[in-house]
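Listed below are the structures to be examined.
The following pair of complexes shares a single chain, chain A, combined with chain B in the former and chain C in the latter.
And now, the complex of A and B:
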């Protein structure tokens, strides 16, 4: 009973936060509302007794991804202090269609998958670890390779940009024009 | 404990928060005394014997002052950030076993929970820096986040060494294991000590303590992320920083120094002694070392600490197979 009440509270909070993610005009507020949504997912995992998933959700998404997104927001900022995003209304129909299509795809996949209708009792962290390293070890290793590829790709992309700007970074003297810009722009 | 988990949980957290907050108040007095002695000064002396009532005077002063919200600040986020910081700092204490029976919740993911909350600490402080709408605050906040996400990686890897050796993610189990088999700082020879040093170093960086305090480098950034904060809001930030240092010390002693385990004295005494020794070391380092530069900080983390942590983890994994 109490779990159900808690679930509905979390669900309402998550939905409201998700709505604000789309409607907020300040880009930093958008990211923070996304943080509330992701945190709500962690609470939902806790209510399902999936403690390990909840902790990983907080470490990876709320702690990691969100921070990186804030970096992105800060680095692309135009106006001082406030970054606004427009919500052009002529994109709305296309957005609804796209959202509905993604929802249908996800819902279809979830309903077709045969899931055992049971909430785990007590600790399932150990069971999760054992399953990863025995039954699903191939998928686990394949995912690790995929992530390694992504990391290496990021390094390659970053390096290529470095090579292009090499003169600017490694060169000892800053051109006089740039110096002026830094000193007198504001 | 009582039958109802809600009531026992509330009572436990009320007791724990009261004790921790009281401890934090006098820890600030203690740090000022140590700082004074290390610089051939006396520290606080006027309020009460040895200046012991100084924290009370400070708290009263902070409560009386006007809490100013800058005109261009984001008012909600500006007020929301300090309590969130405090909640994250104190929340970690819920899984730390102070004695075999006095612990909030022996979660089966205790280590991950503690690291998740401690890693999140940079986030509300970044919110504070952004909401202040002050360039020094924002530079400090960005440095804080960059440092936080970089140093979280070696910190988690170092904390995984005791997890691999004891085969459990629960802090209670890790301490029990050390109680039977010896503290992890002593074995496997070298590896445990290395992991402990690594964890302690990265914990200093996570808590923004010298030599890793570039986010609030006062010679460049006024006071870093909390530049615009006044009165009780600022005090909450300062108290959460102390709280974070104390709880990280408790976490390090739980993971590597055997927590409450030890001869002769009662468990709680051992826990308090170990945590205090680590906290005094943090203070000692603070008043002895210089601040690292930003690029040195990143080079230290990614070029030295992360490979070192991976190597320790590998050796610990091999050790568990060779010596079961």
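And now, the complex of A and C:
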């Protein structure tokens, strides 16, 4: 009973926060609302008895991804103090129709599928650790290589090139800030 | 209740992510919407793991979380590069390859 109440509260908070994530005009607010949604997911993981994943969710998402996103927002501001570049009023009806269609499709599939109802016993962090280092050890190691590659790749991509290092830049920089032609070639 | 509630919640989050993906103009906003969708998928994996009586779903969710983090790192590097090259990150304006 208590679990169901908790689930409903978390679900409502998550959906409202997710709605604000996609509608807020200030991008900093968008990222902060995303933090609420991701934190709600961590609570849902706890309700699902996935305690280890809840901790990982908070450390990686709410700690890492959110900080990165805030850096991304703040490093790509055009003018000081102006963060209202989210500009969500773009294809709004099309987006609404598409989202409603996707939800209808998913909900139809959910209601038509016979769902399993077995419940795993208790917290299983130990079993999870054993599974990672025995059955899934190859994927686990490959994942560490992927993360290393992603970090190095990000540094190489985003590195600021020195002025004397012209040979690495292919051609002149693209002319910045062209006006958007409304109804132009799509 | 049980599994179906979690699946509907994840479906709602995923649909909102689709909405954000279509309506956002800013590259960072699009990435946030993608995060929302990935998060909904993780929730689904963990819910299935719980109500299926195994922990393979949790293993998958953990891999998925790590891969999403890698995606965010590379994506933000590309966004910053786009900003450096053009001065803004409005995706509709970055259409040089079309012309």
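Please note the rule applied: the second predicted complex is superposed on the first by the 119 of 186 C-alpha atoms of A that agree within 3 Å, B and C clash if a C-alpha of one lies under 4 Å from a C-alpha of the other, contacts with A are read in each partner's own complex, and residues count from 1 in each chain.
The working rule: a residue touches a chain if its C-beta (ideal position, glycine included) is under 8 Å from a C-beta of that chain, and two chains touch if they have at least 3 such contacts.
Here the structure is a predicted model, which means the values were calculated and not measured.
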item: First, second, both or neither for A:98, with chain B first and chain C second; value: second
item: Partner chain(s) touched by A:107 [first = chain B, second = chain C, both, neither]; value: second
item: Touching partner for A:55 - first (chain B), second (chain C), both, neither; value: first
item: Touched partner set for A:63, first chain B, second chain C, both or neither; value: first
item: Partner chain(s) touched by A:127 [first = chain B, second = chain C, both, neither]; value: second
item: Superposition-derived comparison: chain B or chain C, residues of chain A touched; value: C
item: Contacts of A:154 with chain B and chain C, given as first, second, both or neither; value: second
item: Which of chain B and chain C A:32 touches, first, second, both or neither; value: first
item: Which superposed partner A:71 touches (first chain B, second chain C, both, neither); value: both
item: Shared chain A surface residues [contacts with chain B and with chain C]; value: 52, 56, 64, 68, 71
item: Of all residues in chain C, those that touch chain A in their complex; value: 1-9, 11-20, 22-29, 31-33, 35-36, 39, 42-43, 46-56, 58-59, 61-63, 65-74, 76-81, 83-90, 92-93, 96, 98-99
item: Parts of chain B lying in touch with chain A, wherever the complex brings them together; value: 72, 77, 107-109, 112-113, 115-117, 119-120, 122-123, 126-127, 130, 133, 138, 142, 145-146, 148-149, 152, 156, 169
item: Touch list for chain A against partner chain C, complex; value: 4, 7, 11, 14-15, 18-19, 21-22, 27, 30-31, 34, 37-38, 41, 44-45, 48-50, 52-53, 56-57, 60-61, 64-65, 68-69, 71-73, 75-76, 78, 85-92, 94-96, 98-100, 102-103, 106-107, 110-111, 115-120, 124, 127-128, 131-132, 136, 139, 143, 146-147, 149-151, 153-155, 157-158, 160, 173-174, 176-178, 180, 185
item: Of chain A, residues touching chain B in the complex; value: 28, 32, 35, 51-52, 54-56, 58-59, 62-64, 66-68, 70-71, 74, 81, 123, 125-126
